[in-house]
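Got some structures for you, see below.
Each of the next two complexes has chain A plus one other chain: chain B in the first, chain C in the second.
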Partner chain A sequence: MSTHTLDKAAVAQKAATDRASSAGCDTAAPKPPRRGGRPGDGLSVLRTVVWVLMALVVGLPLAALVFQGVQPAARQVFGDPAVAVAAINSVASALGSALLATLAGAVLAVLLERCNIPSRNVLRWLVLLPFLIPPFIGAMSWMALLGANGPVNKALQGLGIDAKLSIFGGWGVVFLLAVHSYPMAYLVIAATLRRIPGNLEEAARISGAGTSQVLGTVLLPLLRPGLLAAFVLTLVANLSDFGIPALIGLPERYTTLTTLVYRYLASSTTSNPLPAVAAIGLLLLVLAVLVVLAQRKLPADTQLGSGPVGQRLSLGGVRIPLTVLLWVSTIIICLVPLFALASQALLPAPGVPLTWENLSMENIVRVATSAGAISGIENSLRLAGGAAVCCTVLGLGIALLLTRGKHRSNTALDVSATLPQALPGLVIAVGWLLIAPMLGIFNTPWVILGAYVMAFLALVVQSVRAPLASVSSTLEEAARSSGASPLRALLDVTTRLAAPAALTGGVVVLLTAVRELTISILLVAPGTQTLGVSIFNLQQAGDYGGASALALLVAMAGILGLSATAALANRRANN
Partner chain B sequence: MKNRLTMLAPLVLIPMLGLTACAGGETAGAADAPAEKTLTVYTSEPQAKIDQIVEAFEKANAGVNVEVFRAATGELKTRIAAEKESGKISADVILAADVPTFEAYAADGSLAKLDIENDTALDAKFVDADGFWVGTRIIPTIIAYNTGALSEGPASWASLTEDTYKGKIAMPNPDVSGAAAFNTAVWLQESALGKGWMEKLVANEPTVLESNGPVGQAVAAGSSEVGIVVDYVARELAAKGSPIAVGYPSDGVPYVSQPAGVFADSQNQEAGNDFVDFLISQEGQKLAVEQSYLPVREDAGVPEGAPALSEINLLDPDQEEIAAGQKKAVDFFNSLLK
Partner chain C sequence: MATLELNGLGHVYENGHVGLSGIELNIRDGEFLALLGPSGSGKTTLLRTIAGFLRPTSGSLAIDGKTMAGEGTWVPPEKRGLGMVFQDHAIWPHLNVAGNVGYPLKLAGVPKTQLNGRVAEVLEQVGLAEYARRKPSALSGGQRQRVALARAIIASPKALLLDEALSALDEPLRARLRLELRALTREEGLTAVHVTHDRAEALGLADRVAVLRDGMIQQVGTPAELLETPVNSFVASFVSDATLFPGTLVDGNFHADHPGLRLPMGSGSQRNHGTRLIGQPLASGSRSRRAVAAVAPTSVRLKPAGSPIHVDNLAGGPLARVTSALYGRHGYETSLDWAGATLRVLVTGWTPKEGDMVRPLVDQAHVFCEEAGAVQGRAA
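Now for the complex of A and B:
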């Protein structure tokens, strides 16, 4: 729990803030001398290669989706009232959870970044825990915690309270989506907060403002772009989540567009569900693009001069009560569900009382050695590894073109590289489902790999672009004046400068893809069952013990892996 | 120019390497043992059970590598339908569901005639007279109850409509579970039950869960006191210590026989037949008994805690009628829920 702990998801945070300042780095970067664009130039070869790959990985699936989605057969789906209900549920749950998440993220950011709360560093790590655990595993944890005869309801019964808490249904979906997206909001808002220079606050204080006035009149107005960015990010992410609505919503017949598409593909009454699925995918695509466009119209970022960050706000008399409240809610939201998951994994069967003698490693040993889980782990590692390598290389190429070459196609490149991140995973999966038969890769792992690359490419682009833009191009100019070609200078000098950031981005891709569910469940085929799908299947088949055992292992690996990556990235950034 | 292009090579090659690395797993496996055949099995067996079956089969059949795709019956049927539409079914063997499903596949030419030996050791009602499928285990649907909440479970399907069970029943979704879809049709055709009974059952507000597994979990954990569920799920939970007991309804027990068949499109007919034959061999059936299933052979024993087949009032409706009425029955059930 070093002082760097917060910046765990340093990369994600950079990604998020970059997106907030959507205009891109061309303008923010020290202006490089004009290069590239000359026909036959090495850079244009690189540009061509990158564009060809982008057309394949991003352009083709989206084009197929749009083309299929506007066919008359596809449009019929909008006559189905079930689709309308699911669309309303999707939008409502995404809006509600994004609001909650932004609110929670803002409160936490102000308290943990700018107030004198004791034990801030431990708290920062704890509040980020839900970010490190895949949402569907979070859903499983809450199911274990709030089961009809789970620990909470047992305790309520013990207290003589007749009410039973249940996580299932629309409210549960909104709550859990918020729980799993507020860390993202927190990271974005905290990053904005750190860029607000202290002299503005000092000016307010000198004019006699107290803590609450500084908050209300200086910090909050300046935070507005950060709040907006956080809201949009969480909105889009929550629009596309599959695990939470499937596990929490479906038992109460609360359907969202994602679970509806899964239903169409998994147990449809029509023999060819693809047109309907394409139409729903197109609807989500339009929704996501509208949200992104709306955000781009709004003021992108507060342009502020640099300066030392303001001093910590003193909370005065409410400091201790607030700290206690923060600890209690953090433990309830971030830790207790994990313990419930662990107890479910460690008990041999449901309904067996939780005592020390009853705990056993049976479930964990059973799933860790089962053929299904092992092939799931292998598939996930292989696919995530492949995606990480592809994303790192392609993302590096894109970031180089964006930061070190001026070209009229740069804006388009920027949009096509970062747009998929704003798209629901469902849209990406459906796009690949549609082009798979054309490319002859239907029912193969290649479909999932392609979709992963499309979905996670932006993680690398964004992690490379910001550091690269802040490094001036003097080194490359030195290489150029020593006789190196533009491409040679780019490959020898710039690539080396950017390599560490690209690697960090690649590792984040690896760790994100390895536990992915939404895309893999829609594209799964014989022999390509991923880890996320394995866990989901165990859960759906009613093997809660086995599912939670495997989920527990994944959660642990995720927490350790992402914490370590972020700590390393952070250390490097500080050096 | 040439120099510049060679420098670009890594940029192009590395993604290619990444791609081939992904496929590497499969091709490498094939290269190690060139004679190895891959058999793809579509099944609705629980993952752990099919893993054990595959392990035993591969041990007895060197050179065959079995790849399993496990999903609920409803999902398998959709996948097969989609694959048929786009060309050919990519599985060799199917082990799932109920007789009507297989009758439909046999009728539309999706299945190949089986070439197996062990079918003669089975009761004729578990073997297709035309030779397209063979039953592999008897899976009765019963009424389970939580022993912490109730000292005695409902004795019959008819008693489930009593007021005492209002809001306390869990049952699987017939859209997802093959056995549940089959049962829905059987209940409707039983003269003592029929539409009137089903209306009353749904009026008792049952919780409709995805499949049999979650129903067992719900009863064991006590979130539902009573569950309509396949018997092995409940017996297994009881054996592990969950507070759940099994009652075989006095007014008749519907069952599916989890048939197996080989697809006509399969390039691996021989290995496919071997797999099906293994399932109904004495060894395969003993494994089924170890996995808590009621066997289709008499020489394989009975699972612990299960009654002998002769003690259960198994319902044997006309399979063709069930096949014809299944979709309508499920639609009727779903219309009641809304």
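Now for the complex of A and C:
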């Protein structure tokens, strides 16, 4: 999973880098100047196919969104004070949570990657746990923990304290968004930290700097680009999360743009919600692009040398207190809510005391055999599987085109493949909502599939690209000089070498898509309910037991699946 | 400016690998000492132990008589008052040249005006006076190296540590910086420890050279001592590229296992003429012992195969075939296949060709008896 997030970071930066240079490059690729290859040598066929698919999957939805969003009917929506409030809430909660997440990510990264904290390997896995759980399931866990009848408030009552803790409202949204995005910040910052050569720190030491001076005068200044990347990444991700503001914000009438769009689409009062929705989508698109561009304007990554990472910083006397603090906060933030979710799933009704005798599989069995859940699981598996296959094949093709041979259309291809990942899920969903009637796939699962492919394509492209770029082109040239045609050499050598990475990317797509909520809930139609939507609807209907039972299964599958994938990918990377 | 004393210093890595063992070394005030050895010999480990980045697992280290590491004592690197130049410069990319160079003084709390004055002075010394405001990314490799050097000496360190400091540079620049480094350390009277795997650099720069192998010091001596009196076959082969011939020592005479090698016999003495015997002299009458003769490339003459031989005992010996001859600054660095042994010879005055048949005549060799019993490197 770490590769996945880092890719996201890379995408954000890359997208920022390339956007300026490639504005308006969406026109058909000009004829490539060929060196050696004959016309129709296979590579150009591949390029044409890839470009047609990309125009359909990425170009069309964005074009439709921009076109619809600038119509006069659409612009009227900005006169609505509710939209202004939601926009402010979105930006404020995204900014606040991104700041918190970056701060937490930085502290954790420095402590766990560079200091002599004992048991840091276990801690590292634990602090990354919220990353493996979809945000809406995290929100459900905290609702279970801090609900009116939840364990915390019960305990407070037992102590005779009348104050009730509540997670609902704006602060709860900011807190939970931060909880679910700090692991991403951690991974980005830790990656930057690992690229700081140890001798830069040693040079400071030998010049007379102690631990805190090394941190303040060398590590932190060098970490700045990483902090910035982490901030932008979490900001964009949090700008359009649906699950957390819907579950935590709405009960307190804290509306964000995403939940507002959901309300427009779900309620039957607005006759035609599409213009308003397109305008909001365009607004978010502009916000996301501005954020990424702003990052681009700021000073770029300082050039670092290469070299082994420095020795662990000694924390001296604060080592043990810090370790205890880390453990306590990690357990409270990462584990306790999961336990609350589990106990809610395993107890027959809310408020039943938690004892061994009261635990039952009733909820899990009931939910797992209910028609709604089964069709949700089936839909999600089918959609996620389809998205994984499409992304793997298309992503592999794109990565091959990008790494093999220079071509004038490569920059544009790169941007269109990686840009969607820097976009809020809402933008993608609205884009597909707008083109669905044109393509005749309105209210079918194909809309969701298309949006999934657009959203997750970059996962495969990024996971294939790095290993492919490190494969020397001489391997392919060796095949050519042994008599293979360009296409044959590409298939026999390069594609073969890239296949494992593409497969890993595909598995990550599968695991991410199967629990997706933001896109699915905006595109859902009768009969195309996905797993995430099923859980969300159960929760909204008040069936907390059933919802948490299903959520627990998803959380467990996610933790196991993503941990295993990451472990496998790491092992392959180390071989 | 200080002395460094290392007593029985050892370092065992966490994985059990022995990095250093039994290091005895006294570095004199103002001395330039080179640590020379093949990769993995422990020279960098030793330097990092002196710097304080590694904690010795045994023995002690004292700077100017003050214990830095040893039984219950540990002074972290930032409190040792040393200066260090790293292999890839380790210039901080977020500070400009003056910021990099002035950093040690800033930490020491030197007032701003005084600091600026001293930075200018040191930059002048390394020839970078106009570069104070430059960003490191705008510097060439040699300039970065000079910045690193300026930073290392600005706070008048007790000793200057150089970790392969010149290795990352191209050859002509490297030679120039070598000279500048030597001039600078002389001028400042700096005690310097210089790690290198470049033999010419170690021999050319240093007052004394310590040769390391497998974490142990083999020999400490002046460059001339290393060339003229190596203490064991490793030092001979590593420092002067000597070819090693195993053999037997009987009554002070060396008999090589190799069919061709005959060391010239002296007439008056029992010893081979031109042979330096290193190791415990044999008590007369004792049995023969295994020994190794080291033949330096400069100690061999090559005779054309057909030429008459005046030395009787060389007749009938196998001829050697030239397998390669590389032109170098001091002559042809020639490799011979001599009855299965690969002999390196420096040829001057004529041009050997691949496939030429020649007869090697060995003028001089160092004979080492029983490596285990050989004299250990004398720590001065």
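Basically, the second predicted complex is superposed on the first by the 530 of 575 C-alpha atoms of A that agree within 3 Å, B and C clash if a C-alpha of one lies under 4 Å from a C-alpha of the other, contacts with A are read in each partner's own complex, and residues count from 1 in each chain.
We take it that contacts are C-beta pairs under 8 Å (C-beta built on N, C-alpha and C of every residue); 3 or more make two chains touch, one makes a residue touch a chain.
Just so you know, these numbers come straight off a predicted model, no measurement behind them.
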Touching partner for A:540 - first (chain B), second (chain C), both, neither: first
Please indicate which partner A:355 is in contact with in the superposed arrangement: first for chain B, second for chain C, both, or neither. neither
Under the stated touch criterion, which partner chain does A:204 make contact with: chain B (first), chain C (second), both, or neither? second
According to the stated criteria, A:250 is in contact with first (chain B), second (chain C), both, or neither; which is it? first
Counting residues of chain A touched by each partner, does chain B or chain C come out ahead? B
Which partner does A:221 reach: the first (chain B), the second (chain C), both, or neither? second
State whether A:372 touches chain B only (first), chain C only (second), both chains, or neither. first
Considering only the touch criterion stated at the top, classify A:213 as touching first (chain B), second (chain C), both, or neither. second
Which superposed partner A:482 touches (first chain B, second chain C, both, neither): neither
Chain C residues within the chain A interface of the complex: 51-53, 76-84, 86-90, 92-94, 103-104, 107-108, 137, 148, 151-152, 155, 161
In the complex, the residues of chain A that touch chain C are 197, 199-200, 202-210, 213, 217-218, 221-222, 224, 302-307, 311
Along chain A, where are the residues that touch chain B in the complex? 40, 42, 45-46, 49, 53, 147-150, 250-251, 265-268, 271-274, 348-352, 358, 366, 370-372, 378, 382-383, 385-387, 389-390, 393-394, 397, 437, 442-443, 445-446, 449, 485, 487-488, 491, 525-527, 529, 534, 537-538, 540-544, 546
Chain A contact footprint on chain B (complex, rising order): 1, 4-5, 7-8, 11-12, 14-15, 17-19, 21-23, 25-26, 40, 42, 46-48, 50-51, 54-55, 67-72, 74-75, 77-78, 81-86, 90-91, 146, 148, 175-176, 207, 209-218, 220-224, 233, 237, 240-244
